Amino acid sequence: MAIRLAENSYGSSRIHLLRVSRQQGRHDVREIALSIRFEGDFEAAHAQGDNRKILPPDTMKNTVYALARQHSIEPLEDFGLHLIEHFLTYNAQVTRVVIDASESIWTHLPHGGKPHPSAFSRSGDQERTSFLSGTRERTHVRAGIENLLVLKTSNSAFEDFKKDPYTTLQEETDRILSVIINANWLYTEEDVEFGPLWHAVRKTLLEAFAEHHSHSLQHTLYAMGDAILGNFENISEIHLSLPSKHFHLADLAPLGMDNPGTVFLPADEPHAIIAATLKKS
Amino acid sequence: MAIRLAENSYGSSRIHLLRVSRQQGRHDVREIALSIRFEGDFEAAHAQGDNRKILPPDTMKNTVYALARQHSIEPLEDFGLHLIEHFLTYNAQVTRVVIDASESIWTHLPHGGKPHPSAFSRSGDQERTSFLSGTRERTHVRAGIENLLVLKTSNSAFEDFKKDPYTTLQEETDRILSVIINANWLYTEEDVEFGPLWHAVRKTLLEAFAEHHSHSLQHTLYAMGDAILGNFENISEIHLSLPSKHFHLADLAPLGMDNPGTVFLPADEPHAIIAATLKKS
Amino acid sequence: MAIRLAENSYGSSRIHLLRVSRQQGRHDVREIALSIRFEGDFEAAHAQGDNRKILPPDTMKNTVYALARQHSIEPLEDFGLHLIEHFLTYNAQVTRVVIDASESIWTHLPHGGKPHPSAFSRSGDQERTSFLSGTRERTHVRAGIENLLVLKTSNSAFEDFKKDPYTTLQEETDRILSVIINANWLYTEEDVEFGPLWHAVRKTLLEAFAEHHSHSLQHTLYAMGDAILGNFENISEIHLSLPSKHFHLADLAPLGMDNPGTVFLPADEPHAIIAATLKKS
Amino acid sequence: MAIRLAENSYGSSRIHLLRVSRQQGRHDVREIALSIRFEGDFEAAHAQGDNRKILPPDTMKNTVYALARQHSIEPLEDFGLHLIEHFLTYNAQVTRVVIDASESIWTHLPHGGKPHPSAFSRSGDQERTSFLSGTRERTHVRAGIENLLVLKTSNSAFEDFKKDPYTTLQEETDRILSVIINANWLYTEEDVEFGPLWHAVRKTLLEAFAEHHSHSLQHTLYAMGDAILGNFENISEIHLSLPSKHFHLADLAPLGMDNPGTVFLPADEPHAIIAATLKKS
């Protein structure tokens, strides 16, 4: 019996930094975390313990620091493309560099009706993400949003579904729909305005969620993806994963009360999961 | 040897609900989680397993649901006071009711320049909290903020501190200062406008943080507490706990570069902790 | 422009239950959590909001409860195969059922040198997992381990690696190596003794980790995979993901002390990541 | 209005280290995390930004590293007492030092029926803790256990409790009882065998939990505390906090099945909380 090394990669995760840019009268800060993985010619490292083709993960980290010292890290996508180019240029043994990046968003505190020049607060869990994958032939640039929790109290139903002997769920004509939006989309080129596009995609996803007359999670997911592919020329594909958060109408009958859509109980588990990719064809 | 039951309490934690109010053309949602604890005459339950004075935690939960069905839960403080009064009225065996409450903040999604009537997103980790403690003699109402992460890139130094043989920290004249603001304050009466006051306290804390010329964490904490006690008649005491997040200036000398306050490395541990209570005297 | 629905699935996550089996004089408990996903003919649900082919996630949950009432859930793999068969039998619209399952491990408390008949404690984070994927043509059964944190204080080096101008890492001849073992392996058939095999694989992985003379993470990963493929006939493939936890030797020179491999500082980020699949060829 | 600085403290949290001791043929590792807080004369630091009495938290960290280089850190309590003595000796401005310490437990991997000399695995969440508080007059030493999850499937009832109009809970004669054991106890002296005592207390708590014929959470808590105070001369007080994990019997009637204590559904929230202190009198 022979053993074969199939897919493999290595790298550094959670390379985390804050970059301050200091203009006269105004500072700006950006906080990012990156994971970098290399694919390439690493058979000898695995099978014989020969490290001559292994650039240490620690060096990947130093490289991120060095480039962040010399260049802006905004937008995330351009900084990531720069890193990929650097690593492919100096590492013949590497065939593919994959970068997952996320940005934690700091905003200037308000001060007398204007942004304070040097004080900031960080907004919650929601993250701007970017997924880059580059070989010597081509590069894929995906941008994304993670952990954006939304909810709607009208225009959501779930009816006429398939039933079997274990089905006890009632048809619902007017339920609460709540999902965590996780989305990422593929750009057709590397030469777009990543910052403004990200904000426009985010706005379009939220509008599609809010305005859709939903028959199901699938139906809403499709409407959100459709809105992006229909409105953005530079995007050829979108992946949406929308775990739902259940809000059950509390049963108050045992307490002698009705409950006309007033008190709901959030449930962590189990929850529905749904994911799909939509493409232009 | 005799054994004595000293301080004891029991209750229910994470009673969690979403309340929807439905006006014509506009819905509103509030999500809260409460912990309720009873202190009282529970010796027999502990020592003999006699449950006749134990109202089940499950009933505390039902009571929260029932009152939330019948009454607004905004502001948190009024809802909590109502619960305390209810439990003390119907439970002679209870001498004190303690409630820790927190609210996760949902905001209307924007839609065509106005708030969407029935779609919402939830803002991060930051929580509005309330701590209530009531006996038949008196009630204490505290309000609070938790998990508000802030950072400033100027006006922060740490110099002239005590040194010993294990001190290696350098004096810093211009460092990054970042803390998680956890604050709670005691109201002098139960009859104030809890909602507007909470927003005003939050604003004052952030301004004090942003504008203070900081010599140390202690110095900034004091300035923040002082701003509250100096500006709010109805507040007699404030407790501040400000764990700091370190942002170390990256040492790029081994990479052949300087680093004039550009690239910082966030560190999770160890971190400085600081807490104090300020009172009007 | 036409839009095409590409890969898609839906289901229920975190279906969580505890099953008690009660023999005379001895109880046993097993706690599992399952995620179930369906792939199939769901175009109409997405594009037209037609739910007639959507079996609700809530029904998946009920089905798990019903089968767990009627059958043993041990081993996890047999229970999962039973669920897959059930869903494919009664759902013509479904082409593939995917189940991710995990078990939290409870052990009898000791009592007078023997296991207590009805009292248990739960062992930490480590989980036994299973990944099943079934169509009407064939089924893949993978078993796994997650979150098994290990460390070795000898027989680990990292030398002769590739260096570039940003490389500052020193060669290490005797370092601490610590990784979180995440592994899953593919069985060649559905008809094996899943329970005993899982324990044997776990033991073999730990021995390979402990005994290997490591030149790098890659080298150790390969040795661990090799040990499994070399020793288990029924396993054709193994995937290993070994995020490493760094333990840096504390630099005590500024405190006037040496540090001969005594005090190490655990670091959460950044950390090295490494993953590979080994196959019999 | 004058403002008064009331209780205040500062320090360093999550000072985290791994200590390796290397005997011929056998290594041992211990991983600890400490929080250290100072109380003392810090009025000027707060009110005037005068740092001359502030020993930096960074120096506390260095001191821990230096002492861990020179001395064993086992048992935790002796190491903590050493730190307290050090800080009080060299810091006249400090009146009290408080240390919260926890140990993550590593055990030798088995190897051919014996412990492997230099390879280890870490056991889950469960932690050994220690709480030390020292002034120039006296020191309190508490030891503890946190996050020890246990469950029993017999000998647990909850009946004859108080009912009100919102009570819907049914009396239960034979339920599952599951709690997270968090305990800490006060030693009467500093000169005991902390290591063996900790293991003996842990064993006694588990036996009391397992063997008790429980009428309620309160009843079981009291029995556990009573077992400690009754069996350990050197312990004068114990605090127990036992958040319970609910396991609801699944209602399978809608699926046409009974459920004779077989399938239970774990619920995260809400959960019952209970805490008490027992003292020798």
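Read from first to last, the chains carry the letters A, B, C and D; within each, the first residue is number 1.
Keep this in mind: contacts are C-beta pairs under 8 Å (C-beta built on N, C-alpha and C of every residue); 3 or more make two chains touch, one makes a residue touch a chain.
The model shown is predicted, which means the values in this text are computed figures rather than measured ones.
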item: Touching both chain A and chain B (chains); value: C, D
item: B-D against C-D, pair bridged by the larger set of C-beta contacts; value: B-D
item: Most distant chain from chain C by Cα centroid; value: B
item: Chain A and chain D, separation of their C-alpha mean positions in angstrom; value: 38
item: Euclidean distance of C-alpha centroids - chain B vs chain D, Å; value: 24
item: Euclidean distance of C-alpha centroids - chain C vs chain D, Å; value: 29
item: Multi-partner residues of chain B (at least 2 other chains); value: 16, 62, 66, 166, 168, 254-255, 268-269
item: Touch list for chain C against partner chain A, complex; value: 1-16, 33, 35, 37, 42, 45-59, 61-63, 66, 90-91, 93, 158-164, 166-169, 214-219, 221-222, 225-226, 229-230, 237, 243, 268-281
item: Residue numbers on chain A that touch chain B, as the complex places them; value: 16-22, 27, 29, 31, 62, 65-66, 68-70, 106, 109, 111, 116-126, 148-155, 176, 206-207, 209-211, 247, 250, 252, 255, 257, 259, 261-266
item: Interface residues, chain D side, partner chain A - complex; value: 165-166, 168, 254-256, 268-269
